[in-house]
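The following pair of complexes shares a single chain, subunit A, combined with subunit B in the former and subunit C in the latter.
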Partner chain A sequence: MSVNSFVDKNLREGTAWIERTLAAEAVASKSGLLQAIDPRAKLIGLLAMLVVALVTHDIWVIVVVYGISLALAVASRINLAAFLRRVWLFVPVFTAAIAVPALFLTPGDRVASIGGLAITEQGLWGAAFLVSRVATAVSISTLLVLTTKWHRLLGALRALRVPAFVVIVLTMCYRYIFVLVRLLREFLLVRKSRVIGALPWRDNVRFLARTAGIMLIRSLKLAEDVYLAMIARGFDGQIKLAAVHPLRCLDYGWIVVTFGLVGALLWKG
Partner chain B sequence: MEGVIFDLRHVGYRYEGGISGLTDVTVQLAAGEAGAVLGPNGSGKTTLLKILDGLYYPTAGEFYAFGELISERRLADRAFNRLFRTNVGLLFQDVDAQLFSPTVADELAFGPRQLGLDAEEIRTRVNRAADMLGITALLGRYPYSLSGGEKRKVAIGAIFALDPAVYLLDEPTANLDPNTADRLIDLIISLREAGKTLVVATQDIDFAGYVTEKFLVLGPDNRLVACTGKDAIVADAALLTELGLIRRSWRADRERPVHISERQ
Partner chain C sequence: MHIPDGYLSPATCGTMYAISLPLWVRAGIVIRKTFTRRTVPTLALLSAFSFLIMMFNVPVPGGTTAHAVGGTLIAILLGPWAALIGESLALVVQAVFFGDGGITAIGANCFNMGFVLPFVGYFVYRAISWRSGLDTRRRWIGAAIGAYIGINVAALMAAVEFGIQPYLFHTATGVPLYCPYGLAQTIPAMLLAHSLIAGPVEAVITGGVVAFLGKYHPEMFKLNPYERSGK
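On to the complex of A and B.
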C-alpha cells in the first residue's frame, strides 16, 4: 500500500469512526425500552442472557435468546436492518476460523462433500452451534452498546465493583480518543494538502515515523495538562464521583423478568 | 499594599531542558484588583498563570499566596490545598485539556464535587453557571461534539461553577464570537463588582482594557517590562509597537480602549 493511499484510508476510517460513534449515541438518546432502563440493571439483565447463550447445550435455547435480542432491538427503536448488518458483519470474523474446519474435521455421519472433503452431520451441528452462539453474544453486546450512552455504561461498571479510578481512566480514554483521532486527521489532511505527486519511499517512511512520534509527544503533553486541570479544580488524588442513584421499579422489574426468563431457559435446556 | 493576595518576589521558572518560562518577576496583586498579563507569544503569560494557580512552582524566587509561601509541600497539606483550590480558579488556554469529563454537566460539576459540596449545592452551581454562559442546552452534550467556541464557554462555566475569589483566565476570548465575547465582558465586570480578583492573560488589548485596570507586560525575554495602570501602557505606543501588541489599524484608529457601555 502506498503512503498516499495509507493517508487516505486513515482519513476515511477516522472520519467514519467518529460518525459511527455519534450515530450510536443518537440511538442511545431515543426513547425506547432499553434506553429507559438504568444502565446497571440493563448490564445485569443482558449479562444474564449472555451467560445462558454461552453455557447452554441446547441450540433452541440459543435461538430463543437470539429472538429475544431482536425483539428488544425493535422495542428499543433500533433500525433492525442496520442492527442485523452490524451483528452479522462481525460473526464471520469470530467464527470462520473454527466453524469452517469443524464442518470437515468433526467425525460423524457424512451428509455432503466438497472437493473430496466430507461434511458430517455432527460438524454441521457444531458449526451451527458456534455461529448461533456468537451471533447471539454479539447481538446482546450490540444492544447494550447501542442503547446506553458510553459515560453511563462506564458508570454502570461501578455497580459491578469496578474501582472508581479504573472507571475514570476508561472514561478519559474514551474522551481523548476523539481529540487524538481529530489531531491525527488534521496531520494527515495538512500533509495531503501540501504534497504534490508521489514522494520518495524514504520520505514517506520518515513522515509516518515523525507523525507517530509527534502524536506520542502531543498525547503526553495532553495527559500532563489534563492532570494539571484536574488539580486546579480540587483533585487531590482521591477522585469523587457523582452519588449513585437508587434503581427504580422499572429497573427491578427488568431484572426480575430477565432472571425469570434466564432461569426458565436454563431449566428447559 | 493592603490585602495582598498574590506576592511574587523575583520569581523565575525554567522548564525541563533549561528553557526559560519566566525570569525575575516581582509583582503584587491585591484582593479585588484586576490585572491583565500582556506580552508577545512565548513571553511567559501562561507560565505565570500556572504559577499563580500553584500548578508550577518557581525554580527561582518566592511566590506567596494568601500570606503563605507556596510550595509543593505546602499544597500537599489537604486543608490548605482545599482553601487554595476553593479560592483560585484557572481557565486553561487549551480547553480540550480542561474538558476531561464525559458530559458538559459533569464538567461543570467536577470542581464543586471535588471540593465536597453537597448534591443540591452542586446542582445549583451547575445550573447557575450554565445559565450565565448561555450553555444550558449543552448540558447533556459530550465535549467532543462541541465547537471550539462552545468548548471555551463550557471551560469558563466550569470556573464559574467553582465560584472562586480569584479568577485566572488564560486567553478567555479565543474562539469566541463577538456576541459571546461581549457577554463574557459583562460577566467579568459583574464579577469585579462582586469583589472578585481577576488576572487575564490575553493578546487582546481591547478586551484587557474593558475588564482590568492594571497591565502587566512581559517581554520576549520573559521579564516583566512594565506593571502599571492601563492608561499609561496604552499611551506608550512605542512600547506596544516594540512588543508587537498592537496592530497597524489599532495604532491609527484607537487612542484608548472603549468600554462596552460606551459603544453605540
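On to the complex of A and C.
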C-alpha cells in the first residue's frame, strides 16, 4: 500500500461527502416544483412512486416511473446531467456488475451466446428488471434528498406519526454526524502531517483502532455535554416539537396527481 | 452488506419491517432504563458514531480498502440493545437523508446489521471472554472472533433474503423479478466476500478497539448494563 493512501482516501471521500451534502442543500433552496411541495405530501407521493416501481411485474411501468422521475428533476431545476451522473454512476454500476452474470446463469430459453456461454431470455429480462428497478429507486430517493431540507424532512416524519423520540434523536444524530466527521478529518490530517514514508499495515490498523476508540469516547463525552446543555435550557425529559403547518392546495394537488398516476400504472401493469 | 431498493420484493421488505418492529420497541424500552434522561443525546451521538464507522475506509493488505460495520463493538461497550438502536438509526439517516441504501430495505438492513450482527457477535464475545480481566488477551481475541462470526452470520442472513427472491417472485416464463440469484449462488458469494475481506476487517477493528480501551480506558466497559451487573 502506498504512503498512507487509506488516510488520503478517507480525507478525499470525507471532503467529497461534505461537498455533496452542501450541494444538495443548495438545490433544496432553489425554487422548483418539488421544493415548493410540503415535505409530508412529497414523501407520501414519492414513496408511492417507489412502491409502484418495486411492486410491478411489468418493466414498462418501471420505465414510465423512471421517466416521471426525470421530468420531476427538470421541473425542480436540478441539473439533469448531474442528476443522471449521481444516479447512474454510483449504485447501478455496482448493480450492473451483479446483473451481468445473471444473463448467463438464469435457466431458460437461449437467445444468444458469447464464447460458448448461452444468454437466456429469462436472464436478459431478469437483469433488465434488476437494473431498472435499482436505477428508478435511486432516482426517487435522490429526488427526495436533493429537494428537501433535512430539518423539514424530519418535520415530515413527525407528521407521519414517527414517534417524537425517534425524530428528536435523528435530528441530533444528523447534526452531530458533521461534528464527528470534522473531528475525524482533524485526526487524519494530524496523522498525515506526522508520517513520512509507508508504515506497516499493522501500525495503520493500530492507529485506526485507537482512532475509533477515541472517537467513541469523544462521542459519549459530547453526549454528556449536550445533555447538560439541554438541562441548562430547561429540558425536563419531555419532548416538544413545533406545530406543523396545514397542507396547501399545491400539496393536495400533488398527492392527487401522484396517486392517480400510481393507480393508473398499477391497474395497467 | 447494505441492501439497496430493488433487490428484495416489497413482500420481503414488509416482512423484514414486521420482524424488526418488535425488536426496536424492546430496544427502546431497555435503552430508556439504561440511560434514563440521557437517552436522547447518548443515542444520537451513538448513531452518529455508527454512521462514521460505516463511512470509514479500513486498509486491507493488498492495497484496497473495505468498510466496517462496528455493531459488535458497540454491543460490547454499551450492550446489544444499544447497538441495535445505534445501527438502525444510522441506517435510517443514511437511507433517508443521504440517499445511500434502500428505503424499503431498511427493515431488512436493520435486522441483518442492527440485530443479527451485534447480538451474535456479542454472545460469542461473552462466551469467550467470560470472567476474564478487561485488559487480557481473552477479551480482545473474544471481541475479534465475535465480530468475525457476527458479520458472517449477518451476511448469511442477507444471502438468504437475496437467495429466496427468484424462487418466490418470478413471471410465468421464469423471469426473476428481483435479485436473480438463488441460494446456491448468493450464499457462497456473500460468505466468500465476508469471510475473506469484510470479516477480518471487522475483527481487526473490533479487537483493536477493545484491546486499546481495555488497557487505557477500562471505565468505558462499565456503560454496558450487562457488564455492570456481572450477568
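Just so we're on the same page, the second predicted complex is superposed on the first by the 246 of 269 C-alpha atoms of A that agree within 3 Å, B and C clash if a C-alpha of one lies under 4 Å from a C-alpha of the other, contacts with A are read in each partner's own complex, and residues count from 1 in each chain.
Simple rule for what comes next: contacts are C-beta pairs under 8 Å (C-beta built on N, C-alpha and C of every residue); 3 or more make two chains touch, one makes a residue touch a chain.
These figures come from a predicted structure and were not determined experimentally.
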Touched partner set for A:Tyr252, first subunit B, second subunit C, both or neither: neither
Which superposed partner A:Val226 touches (first subunit B, second subunit C, both, neither): both
Which of subunit B and subunit C A:Trp150 touches, first, second, both or neither: both
Touching partner for A:Leu184 - first (subunit B), second (subunit C), both, neither: second
Partner chain(s) touched by A:Leu105 [first = subunit B, second = subunit C, both, neither]: second
Touched partner set for A:Lys240, first subunit B, second subunit C, both or neither: first
Subunit B versus subunit C as contact partner of A:Gln122, first or second or both or neither: second
Subunit A residues touched by each partner, larger count belonging to subunit B or subunit C: C
Which superposed partner A:Glu25 touches (first subunit B, second subunit C, both, neither): first
Common interface residues of subunit A - those touching subunit B in one complex and subunit C in the other: 150, 171-172, 174-176, 179, 222, 226, 230, 235, 239
Subunit C - residues contacting subunit A, complex: 4-7, 9-10, 13, 28, 37-38, 40-49, 51-53, 55-59, 61-63, 65, 70, 73, 77, 89-90, 92-93, 95-99, 102-104, 166, 171, 173-181, 185, 204-205, 207-209, 211-213, 217, 220, 223
Parts of subunit A lying in touch with subunit B, wherever the complex brings them together: 22, 25, 150-151, 154, 171-172, 174-176, 178-179, 222, 225-226, 228-236, 239-243
Residues of subunit A touching subunit C in the complex: 1-2, 5-6, 9-10, 13-14, 17, 21, 47, 50-51, 53-55, 57, 91, 95, 99, 102, 105-109, 121-123, 125-127, 129-130, 133-134, 136-138, 141-142, 144-145, 150, 153, 157, 165-166, 168-177, 179-181, 184, 201, 204-206, 208-210, 212-213, 215-217, 219-220, 222-224, 226-227, 230, 235, 237, 239
Of subunit B, residues touching subunit A in the complex: 50, 53, 55, 78, 81-82, 85-86, 89-90, 92, 94, 96-103, 106, 109-111, 113-116, 119, 142-145, 158, 162
